[in-house]
Every structure is written in C-alpha cells, then in structure tokens.
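Each chain gets a letter, A, B, C and D, in the order it is written, and its residues are counted from 1.
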Amino acid sequence: MATPSTSTSSTPSTSTASSPASPLWQRPWARWAGPPLIVVVLAVLPLVMTESANDTLARIGVFAVAVLGLNVVMGYTGQVSLGQIFFLGLGAYVTAYGVQSGWNIVLVFVLTCLIPAVVGLLVALAAARLGGLAIAMVTIALPIVGVPLAKRLSDFTGGSQGLSARFVEAPEGSGLYDDQWQLYVVLVIGGIVFLLTSLLVRGKYGRAFAIVKGNENVASSMGISPYRYKVLAFTIASLIGGVSGFLYMVVVQYTSPETMSFGHSIELLVAMVIGGAGSIVGSILGGAFYVVVPDLTNAVDPSLTALLQGALLLAVLFVLPGGLVSLPRVLMRRLRRSPAGRGSAAPPTTPSSTTGSGTAAEETETERQGHA
Amino acid sequence: MGKFIQLVVDGLSTGSVYAALGIAHVPEGRGTLGDLTVRENLRVGAYLRKDAKGVDRDIDYCLDLFPNLQDRIKSNASALSGGEQQMLAVARAIMSKPRLLLLDEASLGLAPSTAKNVYDAIRRLRTESGISMIVVEQNANLAFTLVDSATVLEVGRNVLTGTSAELKGMDEIRRAYLGG
Amino acid sequence: MGKFVQLVVDGLSTGSVYGAIALAIVLVHQATGLINFAQGGMAVLATYVAWRLTVNDVPLIFAILVSILFSFVVGAVVERWLMRRFERGDPDTAVVVTIGLLTLITGICGWLWTYNNQQFPSLFPLDTVSFLGVSISIRSIGTTLVIVVAMIALQGLFVGTKLGLALRAVAINPESAASSGLPVGRLLMVGWGLAAGLGAVAGALVAPQLTLTPGMLDSTLVYALAAVILGGLTSPIGVVVAAWIIGVLENLAAVYVPFIGFDLKVAVPFILIFVVLIVRPQGLFGRKVVVRV
Amino acid sequence: MNMHLRSRKALGIAVASALAVTMSGCGGDDTGRSGDAAEGAPSPGITDDSVTLGITTPLSGATAGPGTCTVAGVTAYFGAKNAEGGVEFGDGKTRTVEIEALDDTYDPQQAAANYDQLKGDVFAMTAGLGTPTNRAWRDAAIADEVPQVLIMTGDPLFSDTEESPWQLGFVPIYQNEGEAFGEVLATSGGDHRVAILSQNDDFGAGYVEGFKSAIEGADNIEIVDELTYEATDTSVDAQITELANSDADVFFNAMSVTPLVISSLQKAQQLGWTPSWFLPSNTSSPTAILEPGGAAAFPGIYSVSFSKAPQSPAFAEDPDVVEYLAALKQYGNYPDPPAFPHCQWSWMVGATLEQAFQNMEEPTRDSFMEALRSIENFEAPLMLPDTSVNTTEGGQPAVSTVVVQKYNGRGYDTVTAFE
C-alpha cells in the first residue's frame, strides 16, 4: 500500500518489477512454445499428483486469482486497496447461498461475478473522486464492516456458523475423483481469468492504468481521465475477487465471516508484493506464497507460525525487493557479473529520488534533476 | 582557494563534504523543500550554525536581498514560482555562511527579467559579503555581469580562458555556442 | 443526561488509546515518509519488557522508563538495519516490510512470553471520581492527560525545534537536506526511535485495560490509521483530536443511532472519514497544499 | 542461438521441472483416495505398537492462548501414559499414542488444509478449538469417514449423531451452560431483573438461548435489557454503562474474551452497579479474571463448570490436580500454570480417548467410534463431583452435565440455589 498521501501512490516508481513480463517470455519461440506446453502440463498434472497435492494446487489457484484482482487495482493502477478479501468473501457467500437455494450453477457463477463487480463499482464511483487517502480508507472499511454485517444478515449468510455447500462432486461418467475435478474447475476458470487479464493489461487499458499509476496529472494532461480508469480498475478487481470467491467455495466448500477478516486482506497485499507487484506471473507466485508458507511453517514448528512467517517474509524482500518474479532477472545479473567477481545484487528497483513527500499533490519535477 | 584544491574529496557523499568544509551548493533542480515554509527552508540552510542571533540576522539580510521572498515567508515553498524558488535556493545556500558558493544554472527555466533580478541580487551579495563563487551558466552575457574570469567549455574541452572583460565581445564565444 | 456524558467520557478514554498509536504513526511519517504497520507491534514488545521488569519487582515507573529507552533503541536499529534499505524503493514494498516486521515481532513475543493474557499493573489507581452525576475512572483521565502531553510535546518538537525541522526536511528530500549538512542517516534513526518510544508509552497506558498479549494493539491499529487519515498526515494535534472524535462518536452512534447498534459501530470512523474527505481532502487539520507542476 | 539465449532457456526448463517435482513431492505417500480402505483392514495412523492422533487448532493469533492449551493437555496425558509403556487397547495390544498438531490461526481455509494434510497419516482428529474452523472440514471428514471427536466447540451440530456420524463435541454445548444457570435462577424464588450482554456469534447466542429456555415458565424472572458486542472490540464500557441504567440485579454475561470480562467487572464497579454475575466456564478463572477484575465487590459471581480449577487453593492438594500439573510441565511443554480451562478439558479428552481405546476390539475407525459412543458415567480425572462423561445420549456432547458454582473470594463452591 503506498503511503496514503496521493503523492507517493503516484511516485513514478521506476522499479523494474512493474515491467509486465519477465524477460523469459519475451523470446519469440517462448511465446509460441510456452502456452501450449503449459496447458499440456496442467492437463496432465491433476491425474498424476496425490490428493493433497491437488488440494494445495487448487488453493494456490484460488488465491492467485485473488492476488491477480488486487494487482489490477494496485500493482498496475497504483491505487491502495486493502479490501480485496471482502470481494472474495462476498463471492463465496453468493455462491454458497445460490447453491443452497438450488439455483443453476451457471447462474450462480454469473451472479458471483456481477454482484461483487456492482458493489466494487459503487464503492469506486464514490471513493475514486477523493484520491488515494479515501480509497485506502474505504477499502480498509470493507472487510472490517463486512464481518459484523455478515453476522447480522444471518438468514443469507448463516451468521457466525457460516454456510457449507458441497456442489463440486466429480460427474459420474468422468471416472475422476472429486479433488481432481475441483482442480480442473479451478484451472479452467482461473486460466481464463488470467488470460483475459493479461490481454487487458497488455493492451490499451493496461497502458492507461500504467500512466494513471505513474502520474495522475500527466495522465489527465494526456486526455486520460484518472477517475474513469481508477473506477474501471477497481470494478475489474472486484469482479476478479468475486470469481476467486467462487473458486474458494469450489475448493473449501464452506465459508463464514472469518473468510473476509481484515488480517487476510493484509496477507493478500503481502502475497502481491512478494510475488511481484504489477505482474501476471507475480500473481501466481503470490498465490503460491499465500498458500504454501503456512504449510511450510507448520512443517517446521506449528507453535512458531508468526515468527517463522515474519522472518521468511523479510528474508525474501531483503534478497528480492522486486518480488519472486524478479528472481530470474537477479540471477541473470549475478551470472553475468560473477565473472567480474564483484556481483553485488543491487536491488533492481532504481530508487526514485524522494521517499515520497507529504504533499497531497504529485511530486514536483523540480525536485529531480531534470526540469519540468 | 588553495585549501579546497589540496583536499582529496572523492568517495565522500557530496552533502557531508560541502557543508562541513563551508561549501554551499545551489543545485540545478533547486532542491526546494516543498512542504516547509520559506522561513523553515532558510532555517534548514543554517542547520550547522550555532549562533542563533547570527541566523536571524542573516534571514533578514536574505529577505532584503530577495524582496520577493519577504511576502511569501509564511507560505509553503512548493507554492513559489520558478524564480522565487531559485531565489530561495540561493538564500538557503548562503544561510550556512559558506566560504565558497557553487551556483549551478541559476537562470535555467526563468524568464529573462527574473533571471536578471536573480543575478543582480547575487552580484550585490558578492560585493557585500565577498563570498567566492563558481558559476555554471549557459547564458554567457548574464554570467559575465557577475564573474571576474571565465572558462568556455565545449564538449568538455577547455576551449578558452580569460577575464570576463576580454571574453565579453569575442566572436569565439558566439561560435562556441552556435557551432560550425 | 448522565448517560450521554458518560458515553463521551468513555469515548475520550478509548479515543486516547487510538490517539497514542496514531501519534507514533504520524511521527514516523513526518520523519521518514513511511506508514509503519509495525508501530503497534513495537509498542507491545516494549510493554513486554516493562512487564518482565515489574515481574522481577522493579518499580513500575522505572520499568516503563527502561521500556521507553529500549523501544527507542529498537526503533533506531530497525530503521538503520531494516528500513534503510527500502526507504528509497517502491513504497508498497516498504509497507509490506513493516507488515513482515509486525508479524516477526508478534511471533517473538508469543515465543518468549506465550500468547496468554498477562496482567500489567496500572499507572493510575482503579477508583473513580464522580462529578456532574457521572463517574469517571482516574485511569481514563490519566490516559487522556498523558496523550495530551505527548501531543503537545510532539507538536512542539516538529514546529519549534531544530531537530523537528531537520526530521521533516529529511522526509521531504534527503539529498537536498544532506546538502545543507543535515546528518540524514542519524536523523532517520532518531525519527523511528522517538516514534517507538512514544509507542512504549501508549503500550504501558493500554496494557492494564486490554491485558498484555502479543496481538494486544492489532485491532487498535486500524482505528489509529483512521485517525491519521481523518486528522491529516502532517499534524499531531489533528490526529489526536480525530482519535477522540472517533472514540466518542463510535459510542454515541452505537447507543443513539438505532440501525448502527453495537455490532456496526465499527463503521462510524469510516463514514466520518468519507464525509470529511469529501469536504477537505487533506483531512481536518492537514495543511492545504498547492504545488506548481 | 547465442550462448546467452541457451543459458536462459536451460534456466526456464529447470524452474518449470523443479516446480512440478515439488508439487508432486509434497503430497506425501501416494495412497489412493482415503475411504478406499477395505472393511476390517487397519485404518491409517495405527500400527501394532502406536496410534497417531491429529489436531488442527489456533496456535497463533488472538485465540492462541486456549488453542495452545487444547494441544498441551492431551499431549501431557498421553506423554505420561507413554512413559509407563503406553495404553492397553481392546484388541490386547499396548500402543503408545502420538499427537500431530498443526496451527490453523483460526482460519477455516487453513484448518481444511491442515485436515487434508493430516488425514492420510492419523487415526482420528481430536481436541481442535473453534466452531468455523471445525465446520470447515466437517463435511470432508464425514465423506472420508475420519473421526472428528471430542472437539472444543459448543456448537450443537457436532453432537447430532444423524447429521454428524463421525463427529462428537466434548464441552457442553453453549445452551447447556446458559440453561444450568437459568434453572438455578428460576428456582430461586426471589424476583430478579436480568441484564444480558452476549458476544455477537454462535457462542453468545447459544448461551442466551439456553438461559431463556430455562426461565421460560418462571414469571419471577424478567429480562430488562439485552445488548451484544464484537469479539474484536477493544472496550465494552459503553454497553456496561447502558446496562447499568437498567439497574438489573442479575447480569448474564456471555463473554469469551478475557480482557473484556475484566474491564466489564471494573467498569460496573466504577458505575456503582453491583449485580450478581453469571460468567461462562471459559472466562471465570479466579486468578486470571476475577482478581484483576476486583470481583470481591459483587454479592455473587456465578459460573458453571465441570472441571476443578487448578489455581484455586481448595484443590491444591488434590492428587488429580497435582499429577496433571506435573505432567503438563514435563510432557505438555506448558511450563507456567494453565491460564485457560481448555488445558484441563484437553486432559480429560485424553482420559476419555483412553476409555475408548480400551473398549475398541479392532484397530479400525468404525470400532473406535463404536467404543467412543458407549462411555457412560465416566468420572474423568479433574472432573467435579456429580459431573461425568456420557457419550450415549443422542444430541449431547461427551460432557453435558455441569454444576453451578459461586465464587468464594478464592475459588468456587458448588451451589444448588441462588442466594
């Protein structure tokens, strides 16, 4: 989360982590060979792996989609959002309620996308006008007010006992186990969302988001209304959050007010930055971090969860301030420079000259060497 | 001048070297502290000085030197115009009572009349305080109104050196700028 | 009538708790331009040190002073060896580093002193004073007074002293501040140290009521952030007043506004912020800033 | 292709394959889907000389205090038993009992993940704390036919044998505790005005429901004011202030957050409101709550319990308590005196499981469930007189009988009437 003063959220962060794709995929041959190869591997994987590996991969898929949504509004558009978990929770509730009321599953999925998107749109319409501070505070309010509200609307949400919905048994004829079927559902839906989003951020909208993130005043001087694109980014993020809520129900099949607790929103932000902000592959790595780390610390020592997770987080950021997605780039630099023997892993982010002044307006050019 | 030249200064961060040795630097980007008021910017300039009365006296001197700053003393530095910010940058630099003042493109981005006011004030400063100055300036004519001697650099090479009187009218200067 | 005044007084006391942490957050932001999520965690760590001393029969006042000093050192060390590396980089990364620090500190406290509720002795006696038909606990008066003193001290530091001015200059533009000879490194450490010391005071004030656990100040952090946003990032007085407003309005809304009730009173600070930000985007007391591009 | 490209491609493939290996590697042994085990074949997690039990419970975060206790008690119990050679099972074999506990930070999704990880290696899941966390993997446990028994939640769903064939709660359901106090109050004869403050979740709602059902007929009991609060609140002073204005003479306080109970005791005194109090079993500890809260100022502090409080002097020399505290230090790595009753309850879970092990004929989960559901009037160690474990009653958890107790300045005495 950039410091709430708008200036820092629009500090022209020149960290290379915000480059949309790591160099590996830019090679022409990778662009052709890569995707089909991945699809084949993902198609075979669920059949090969054990049940708990399938569950883990499915949960990684759920939270990778949630982190992707957060990236759209935060990584790519530079707005501070600490409420993404609210949209996941909302999506999960819509799914659970829909399934329990026996609605058609396709209708349930459509509603799980629409309702969070509409809520996100309404919130953004009001908040985007007020700049970084307001968006940050409103998004903090969503999960914090959402939990007691979920308890109060108990006839929809099952109150504090929550709702469970088992609706993803493997179809009879397929000969698949439930966990394999669930993993396929997550991979298909998640894959589509990732594909659409990567097209979005690479296209016209992506460039507009980047400019709004870079410098809102420059954006408006170029005829790009920061307000319109912030609302769009927030709505898309809410929609993706809803989809991740649907996938959450596919995998966990139970939801309660705890699902959307504020602590998880902070963990999603951590996952986004650790994976690599503003990057598609970073979102996947972020989802993996969110899911694998608690299992890892449980394996090491269940009574030291917080200590191990804190230490691990700081260690990763110390070595890779740009997030896990910058690992290949950092290794490359180290490989190339090691013959010269002086390979210091300077942080890849080129520092902007100020740490973000407190002014509400964007950072003035005059403070940098060049002249406006 | 001798003392500075003998000292080995490379490798140290510019900030600590300049201030400690009594060198004041007016950076090209002016380094204005936007959030602070004009008075606070001046006080930051005098951070290393211990004589409180002397500092107050110098603030009044600066306001006299740059009258435009007088009525903006309370407002945030970020609200000042380009010219006013340049004046503030110079004022802040001399607040540390330097022995050597480095002026880096003081007229850049200013309207000609404002640039002239800034240089007039600096000339008055030179005569009254006797601070030695090194001025980097593209606007040759403006520079010659201030400096005693000058060196013309072309693509980094020292093309010409002499007193400002000698160099003033020479077409050499024009050729160096206009090329060909 | 008594009930109304009672709710206001209770609100002021809870508001002071939010205000204390908010002050520490403003101090760090003024000095380094960062929002420190670990502010509450560092305060809890200091309070555990004070608690450990009181268990070994060290007098309370002395234990608290030691914990303030300890916290100052921890704040400076954290800035020098952890935050320094991230201050110039991407602001989102810096915030996540403070979140990592919060998790680590909570883990250390849980590991060394378990997650059980520890009793922390109170600076102020437990009995109450009644006036205007309202009974006010000396503890809440004491808490409010200490926060007022801290607020005035902080405001004085930032506006009146050379150190305060230097801290702010460094936060705005470290290179430019350095060119005037300001020891940027040491000032950043001092900024974090002061904030951590202030956090230790807040921890010692709050622990008797909340009982000491590693996550004692977690829920306060959100309210402190709300107060910081509402009060304006540049003004210590504004932030404490905002914290009081939040504390009082929360109680009043819970009782008098039928729909809100006690479960949704948590929404009050956010609705308040929304209204204020529509009118004054820089917060109640923050300075209006005009910048020429 | 220049050298540069080839090295980058090699790196790409290396990363991809590494990812695939870790994915398949971390799945543990490649058993078929659980629930495939043939009838009568030994269930996972049990061998001839040992049985493994799984626990997923909050070991960090806000509920880590009681969560840590739910592991410490049962680990200490079987640690002591293993030191004496182990537990003699119904099929004649003596086995040691190992405990595998994982932290779920009270997050339902993590609890389900922990269950997925444990279900392949453990014989049964037990002792986990929390309603949402236990509910998250209840359906999966039923589908996989893995026992989820003697868990620390008062949610009635787990004790309903039709709905939850493989589940059984341990602690009295919230309604039992509220009902027990309601009955004592209703039969007290005097007229009483009751103020209620309850936690806004199934915990608080369960207590209030039980209390109201017990005082339904009694016309001498009148509820004058009823408010709720959030478990994440930092203060309930505002609620106490409003309830004090109702000048009720009995205060029914269904609250599970220790600091808030202490501050409500203090706040009531400050307002000069000193009713008789009712406190739930898990927030009525004399040393951790009543002393700091200054409870002596109130005419009567009532709570319900079924376990002896180890800190209260009355039980200082009690052999059960002495043995329990020693084992807790030695085997449960829980050095200081237990701050939450969950440590005692988890110790009793150990004893109850031992009963089931002794009666089960075959090393299978079915036989275990059968044995577990046939325990009657078992006085587990640390239980108060005339309370017992009884798993044969439909719709009731292992412990459903509680006694009402009154605080006597140092500990609690069982009472039958409301003075």
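By our rule, a contact is a pair of C-beta atoms (placed from the backbone, for glycine too) under 8 Å apart; a residue touches a chain by one contact, two chains touch by 3 or more.
Not measured: the values here are computed from a predicted model.
Participant: Please report the smallest number of touch steps linking chain C to chain D.
Facilitator: Between chain C and chain D, the shortest chain-hopping route counts 1.
Participant: Sort the other chains by how far their Cα centres are from that of chain D and give me the top one.
Facilitator: Chain B.
Participant: I need the chain pair with the most C-beta contacts, please.
Facilitator: A-C
Participant: Using CA atom averages as chain centres, what separation in Å is found between chain B and chain D?
Facilitator: 74
Participant: I'd like to verify one number: the distance from the centre of chain A to the centre of chain C, where each centre is the average of its C-alpha atoms, in whole angstrom.
Facilitator: 30
Participant: Calculate how many whole Å lie between the centre of chain A and the centre of chain B, each centre taken as the average of the chain's C-alpha atoms.
Facilitator: 49
Participant: Where the CA atoms of chain B average out and where those of chain C average out, how many Å apart are those spots?
Facilitator: Computed value for the inter-centroid distance: 42 Å.
Participant: Which positions in chain B are in touch with at least two other chains?
Facilitator: 27, 31-32, 34-35, 78, 82
Participant: What are the residue numbers in chain D that touch two or more other chains?
Facilitator: As it turns out, chain D has residues touching two or more other chains at 60-61, 68, 200, 230, 232.
Participant: Using the touch rule from the top of the page, what residues of chain A touch 2 or more other chains?
Facilitator: Counting only residues that touch two or more other chains, chain A contributes 148, 151, 303, 305-306, 357-359, 361, 364, 367.
Participant: Any idea which chain A residues touch chain D in the complex?
Facilitator: By the definition above, chain A touches chain D via 23-24, 27, 30, 41, 45, 48-57, 59, 147-148, 151, 159-162, 164, 166, 177, 179, 248, 252-259, 261, 263-264, 291, 294-295, 297-298, 302-303, 305-306, 328, 331-332, 335.
Participant: Which stretch or stretches of chain A touch chain C in the complex?
Facilitator: Result: residues 1-5, 8-9, 11, 13, 15, 17-18, 74, 126-127, 130-131, 133-134, 136-138, 140-141, 144-145, 148-149, 151-152, 217, 262, 266, 269-270, 273-274, 277, 303-311, 313-314, 317-318, 321-323, 347, 349, 351-362, 364-365, 367, 372 of chain A touch chain C.
Participant: Taking the complex as given, what residues does chain B use to touch chain C?
Facilitator: Residues in contact with chain C: 13-16, 18-20, 25, 27, 31-36, 40, 43-45, 47-48, 76, 78-82, 92, 96.
Participant: Mind pulling up the chain C residues that touch chain A in the complex?
Facilitator: Interface residues on the chain C side: 29-30, 32-35, 37, 82, 85-93, 95-97, 99-108, 110-111, 171-176, 214, 222, 225-226, 228-229, 233-234, 263-264, 266-267, 270, 273-274, 277-278, 281-283, 286, 289-293.
Participant: Of all residues in chain C, which touch chain D in the complex?
Facilitator: Answer in residue numbers: 3, 6-7, 10-11, 13-14, 17, 106-107, 110, 114-117, 119, 126-128, 135, 137, 209-211, 213-215, 218-220, 223, 250-251, 254-255, 261-263, 266.
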